[in-house]
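First the structure, in the form of structure tokens, and then the observations on it.
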């Protein structure tokens, strides 16, 4: 029996939306700041930056995931397992996001940025494995899907690991620049890659 | 390729419902109150006010968003990006809601109310940009949608920024009044605006 | 324009499921218990009782809500506002559940149980207002719905306020008994009331 | 009246996805580690292990649940109540997962692992009761479902209690081994059991 992709999709959609919305719980402000709450709220700007970066990243990755699932007609146990690992990585993102928000511009910022970038590298790698498994010999691809649609997804997923690998390397030199680059990837690169390829 | 609005809608619905339900996690009571738990539970009334205000606001905005999406037939990468920014703001609301609940009637109440009102101003502005982008030259509007339906949405979104701007200004003078006005907008103005216009 | 009940339903379903699942976040154990973790885990049994009671209650109320919505064909702004208030009360339940779990069998247990029962009374009252508004003169009821189906829902909702009112009164004498009665209502009364009436 | 399984399914799907995604909130790192954040992040590896184990377990159990529901045509009050108890156990999992993550390799690890395995035993037992209730005399089974499909589900659910019972016993000797065995069950046994039986 080869189950359809319906339940894989429902579970995935839920996890993406919940993970993005949980990000806000990582934001907190210390009420003991002697300069007052207004100052404290400005002082925690790294938390806002980390929140915005992760929210936009999850939103875009969800759209790519959702688009790709629409090309897939069936699933199997290996695919479900890979998909679970991928979702596990997405749902993990609030933790390193919280680290970046807390430690950026403070002791530990390098470790926080490396944890963040490392999670994104794993996520990109799993996304590529996930797609590669479905695509090889059109194993799980819907009949009638044109090759051009498959190649468009290929082109979208191939740069993922190198791009987030570059973020990882950058984190050694400038954790802040690494986070900004992550935001730029989500804002400028990903939206144009898979969804609107011509 | 122009994706339909289905996935935009599912992701948006999830984020609205989760953000509203997470608001309760911002409520807490200090068990060290020497007058007993009963007194402490009455003492934290600003937290209840903030909770109710944000819940009703998210509920109504979600309905307006959902209604407007029903007029939109297709989406593009710019629209998805604006929608992501809008959801990001909605999902952020539990944080300033928690600030208002914690700081109202205490030191820092002005900063808390300004953060709250500022978030609502940004949300209203993004909602207007979101709608404006779809509506200009009927860029993303479903064929056959009558002009009167578009004008009804216009009338509903135009007052958003001025209204929440007024809340922002009021927060300088009376943070409590600003929160009460926010509640009144959600309870009395928004329900009548877009959904039931004739 | 009279919107259909679709979006009311999707938002409601989400809030019920999320509120029930968030209950677990109210459970915590103090790691400083000198008798060891095993003892501490047994010692917090009120938290398990509160968790189970609220989870079963939300689950059953959600089913009743969902069933009733199936009899409703259209909605209006008043209905949406009442529904929002009802969901607001459901989503609030994790807070008094946490109070009961923390304070039962300790100082403050009466206040905790009263807050819990009070929330349930408000929820039952709003549920009745919600149904009454839809039902009067069959204002929002689907054509062709038999009167017997409406009377079945009447019979299910009428005892809500008295029952939870009895829980409230009982909380003055025995907070523990009040929580146990709440569990019994969810386990034995509610499932038989609206859904399977003949 | 015999309600269909639609609402049971929607509520269940939501609870599984939310419970899995909430697991990340149990992960935290102490910022006071004097060896720096990088060291602290490596030191909390039991939290990652617990997170991955529970996420994969919930993901697989959700797929089995979803598959089984597809064989069920109708529901009744007993079934809804059993299903609620089952979901209650799933939604509880983040708490013992947090215990395992916090206490593994420290004082209290046995109690934590027993709480974790005990929850899984209860979940497996309820899953079997849930299935048994639907299956006896094909009480709730869709007409036309072949006996082989029922026997496949039988074979998938029967080993649940013994397997998690073995995890429970193993926790007395080696809490770490118990968690690793739990992961292995989710990764290797469960995917092959119900979904792809031939």
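Structure notes:
Chains: A, B, C and D, in written order; residue numbering restarts at 1 for each.
The criterion applied here is as follows: a residue touches a chain if its C-beta (ideal position, glycine included) is under 8 Å from a C-beta of that chain, and two chains touch if they have at least 3 such contacts.
This structure is a prediction, so every number in the text was calculated from the model and none was measured.
With contact taken as defined at the outset, there is no chain that touches chain A as well as chain D.
Interface of chain C with chain D: the two copies contact each other largely through different residue positions, with under half of all numbers used appearing on both sides.
Seen from the Cα centre of chain B, the chain whose own Cα centre is farthest off is D.
With centres defined as mean CA coordinates, chain D is found 36 Å away from chain B. With each centre defined as the average position of its C-alpha atoms, the distance from chain B to chain C rounds to 25 Å. The set of chain C residues touching two or more other chains comprises 14, 18, 22, 25. If you draw each protein chain as a dot and join the dots that touch, you get one closed loop, with every dot joined to exactly two others.
Annotation, chain-chain contacts: A-B, A-D, B-C, C-D (touch as defined at the top). Those residues of chain A lying in contact with chain D across their complex are 1, 3, 7, 10-11, 14-15, 18-19, 22, 25, 76-77, 80-81, 84-85, 87-88, 91-95, 99, 102-103, 107-108, 110-112, 114-115. In the complex of the two chains, the chain B residues touching chain C come out as 13-14, 16-18, 20-25, 27, 29, 31, 36-38, 41, 51-52, 55-56, 59-60, 62-63, 66-67, 187, 191-192, 195-198.
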